[in-house]
Amino acid sequence: MGKIKKTVYPLEEILIRHFSNHFERLSSHDIPKVTKMRREAMAAFQQTGFPHKKMENWRNTDMEGVYEEELAVFDREIPFEKALSEIFLCEVHGFEARVLSVLNGSFYSSEEEKLTVDKNGVIVGSLAKAMQEYPELVEKYYGEIMQQTDGFKSLNTAMAADGVFIYVPDNVEVENTFQIINILNKPKLVINVRNLIILGKNARLRLLHCDDSVNHHAGFINKVSETYLGENAELELYKLQNLNNETALLNQTAIHQSANSRLKVNVLSLNGGLIRNEITDLMNGEGAWSDIRGLYLMDQQQHIDNQVFVYHNMPHCNSNQLFKGILDNEATGVFNGYIYVARDAQQTNAFQRNSNILLTKTAQVDTMPHLEIYADDVKCSHGASVGQLDNEALFYLMQRGIPFDDARMLLLYAYADAIIKEISISALRISIEDMVKRRLRGDLSICDRCVLHCSNPASPVIFDIDLSKI
Amino acid sequence: MLLNIKNLHVSIDGKEIIKGLNFSVNKGEIHAIMGPNGTGKSTLAAAITGREGYEITQGEIIFKGQVINDWSPDKRANEGVFLSFQYPIEIPGVSMTNFMRTALNARREYRKLPPVSAGDFLRKMEEKKKLVDIQSKLTNRSVNEGFSGGEKKKNEIFQMAMLEPELAILDETDSGLDIDALKVVANGVNQLKSGENAFIVITHYQRLLEYIVPDFVHVMYDGRIVKSGGKGLALELEERGYEWIKEQFDD
Amino acid sequence: MRDEKKNKDVLEEVTTGEYKYGFVTDIESDQAAKGLTEDTVRFISKKKNEPEWLLEFRLKAYRHWLTLEEPDWALLHHPPIDYQDIIYYSAPRPKKELENLDEIDPELLDTFNKLGISLEEQKRLSGVAVDAVIDSVSVKTTFQDTLAKHDIIFCSISDAVKNHPDLVKKYLGTVVPYTDNYFAALNSAVFSDGSFCYIPKGVRCPIELSTYFRINAANTGQFERTLLIADEGAYVSYLEGCTAPMRDENQLHAAIVEIVTYDDAEVKYSTVQNWYPGSKEGKGGIYNFVTKRGLCKGRNSKISWTQVETGSAITWKYPSCILLGDNSVGEFYSVAVTNNYQQADTGTKMIHIGKNTKSTIISKGISAGRSNNSYRGLVRVSKNADNARNYSQCDSLLLGDKCGAHTFPYIKTGNDTAIVEHEATTSKISDDQLFYCQQRGIDKEKAIGLIVNGYAKQVLNKLPMEFAVEAQKLLAITLEGSVG
């Protein structure tokens, strides 16, 4: 931070112009706090501009290609025609989920389902709508968890119009899994989308957050999710990313953990031109616990960047990070893990590990597992490794008669298993196991379960709904 | 009297573990302390040696006529109290030789004696190593690092031999030992035994007491000594188990 | 609770050792005026009767320096350095005319004796040749005759410029160019002296070579430069030690060390850095900004850095290896101790370019008082560095709850046959370890010393014998005050 930007990109100008031209519409659903934040955030964005490679946290991810794309800002509501699930299936067998669709950045549903209140008091729906109907709830949490540490977060704060809002009241354990599906279906869009998820005391939720592509259009998604966990609350968060090669996804998640809350995150990045996941875990209450894992399987010229920041601000917290990746072809990977232990955050246990397998000479990985520790009664460790498959294991399998390709696949799969096995919803785990196997075999690109099969141009896309109409 | 414990109460984190224990040891005696798990046997050893976190809320521990309740662990050690740990800790990078020499010299300094010469020290090491059949490669390694369970226990007895304490407390020294190692350890203890020192053997089983024959056997239960007797008591416990003790005292 | 407090008291007690090299020697010195301009650069060059090419080198560096900004990425906090408030050249002035050139000011000799460094060869028990540098100037190089027998050149860099200009010209700035960083540019402009060493083909240097650096004069900066060349099959073990008097103001030290090794050559470079760390309240102390880099130019060549960093208010130092030759090996062993208000940001860079290159990094950080201690290291494997191997282990030990221990590794791998492993842990001395030692009669203070030395042993073992003993004592002084 603090470094003054040098270049102004056309996309920046487009965004700034759009902001001033359409401010009325952009802020039409706002509570006053959010409107005020938009103005301040835009001023900050104009100061800093887009992040660039000279910034410490952006050294290894070059977004310039995105900045130079001719993208259009899209922030309108989309009239509801047909349930997204009818045309887009990211289905998992035997897995019942409550689907929340976000299409081109706005909550996509019939008018009556825009924001619903369940019997147990759970509120689910559009964030824009929630601002109008539950202003005090939004007011309390919005913008309080995610710090605007770079231009993208400022940009999102200035321009995000909608996203998902979930509120789970105290003592409520949600039974079904909620599934957020984000889709872009128009070419060349830049989307700012914002989610706000609040779990009260002792509340419990499982959330699956999917980012999928349904076609080969280029796009840029700048997403900010703020999550609040009350005392003793528990959240299981799965992120499944299966995007086309032209899409850039910036997934910025900040989580506030109150005392004794539990957080489990599992990020599975299977495809995507450029994916950056930022997870900021703020352990602000004693006895908080978190386990953050990720698996990335990238090939071609894909780029994956995982940035995990765990702040042990209070004593007696435990955190664990494990990220594993396999990089093929000319894919590039970045891992930046950061553990901060504040002074007096005694009795901290914090662990972090990143391991990578490079399959080709042209794949590349940068890993930076960092520790910053100001308390002495702590157990912290981190490790990082880059290597190949174990040749002895490979030989062992082949000696038992398993052909090279299968043996290799088996070992790659075993390598990924440490992440997959932590998925507690068994139907989802089985489904993801299957996807990973296919992904490793090379016959899965984008979502295999997607009825569009658009990833395989050889087999024609078969569907009977004209996507352009929605 | 070498050790005299009067009405001892010890708490850990505010929870009382030892609840009014009386116990005394004279020179030349071997005492066995037995009892079911969790009755405060190891806590007693910790309280005598001054381990942090074990708070004496009442009573006195008197060693050689002095109340040692507030003494630091090293002062107690240098006065002649030795603990053979149930779980000896590893200290990476600190060689056994260096460790022993530092400990020995600390004791000599405490007694206002000059440091031991390198030659005398090595001779003493060699002599005592034989006692517990400990191999030279172990003393060349870091303290307890990479030692097997048996080696760690032998190492404790070796250190005891080096430091020549007046009161040695063996805390579950038999746990995790095979019969051969047990014999070696017991043999070491028996050779070190004299009219000038005393042993407290804390054990769960009678097995060790076949080799280290106690003069007195005490049974601990719920933070107190509830029964004392001769070595016959150990055999009785072996036969009848601890249940009858529990039944007797639980109400 | 009471025991915990006791524990802290002991920690505080044992972490208050005094700096014992803080005396000032009353030696008259010949100084440049305060501040830095082109004229200062010319003054230094003229004082040293330098050839035109060297002046040009300095001026280029100076002009480049003007365009740079002080780096701010390290985890170090200090008030801005006023580069115009520093004296850039200070040479001890002899009090009387010396009868022969080898005779040096007795007060100066006394200084080095107090430091435990004898410049009188016959008194040396173990063969260590010393080049002593006080403030800006090399005052004496010992064992010249022995070295001459093997055609080894070991002299001050000023003498080397006079007597071996071709060698200096060929290598100076080739490993650390003046454009490398802010402090490298500054050093290249104003460096005053330092050591030069050339080991010819096939020669194993029979004695340890050593440079001893001492800052004496007030308000001066020290900017020395070391250049070390090991030709094919050559071997040398090189030691470097540093101290400075206690002064209330901060003094700047910005040095450069360049090493080149050819085929099958090996250089072992050991440092015991004990510049004045400042007072217990954080007043004064040396700002130590050093660029050290070795180039493994030839096949099978090896450069090994070992450092024990106990001094300086601020340490900014990353001894690095560029592994260019196939099968070359780079090593970095470091113990960094910070106490009171000291700050250290130190580590290494291992750049793998050649095939089958190997590097090992072992770093042990120990923080006490209110200090901050960071490991920062880069391991880079380039596209063509087939079968490159790196293993890094970076451990931190915290003594007390007011200090900080940080680890910032950067790993960049662009080759699928490379294996890179990094492990790090952060911990404090366990209560169980302390109790175990105490139960054997070793008091807490000694126990901490014992455990810390054990913790650092892996690195201390890499030091030459004489230095290892010195280093162990230093750890003791820095942390414990009395333990040896």
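Residue numbering begins at 1 within each chain, and the chains themselves are lettered A, B and C in the order written.
We adopt the following convention: a residue touches a chain if its C-beta (ideal position, glycine included) is under 8 Å from a C-beta of that chain, and two chains touch if they have at least 3 such contacts.
Note that the structure is predicted; figures quoted are calculated from it, not measured.
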item: Contact-richer chain pair (by C-beta pairs counted) among A-C and B-C; value: A-C
item: Per Cα centroids, the chain farthest from chain B; value: A
item: Inter-chain centre distance, chain A versus chain B - centres from mean C-alpha coordinates, in Å; value: 57
item: Mean-CA-position distance for chain C and chain A (Å); value: 45
item: Distance between the centres, which are taken as Cα means, of chain C and chain B, whole angstrom; value: 48
item: Touch list for chain A against partner chain C, complex; value: 56, 60, 343-344, 346, 356, 358-388
item: Residues on chain C engaged by chain A in the complex (per definition of touch); value: 73, 75, 381, 383, 396, 398-428
item: Of all residues in chain B, those that touch chain C in their complex; value: 49-53, 72-74, 77-78, 82-83, 85, 88-89, 91-94, 98-99, 102-103, 106-107, 110, 142-143, 159, 163
item: Interface residues, chain C side, partner chain B - complex; value: 3-4, 7, 430-433, 435-444, 446-447, 450-451, 453-458
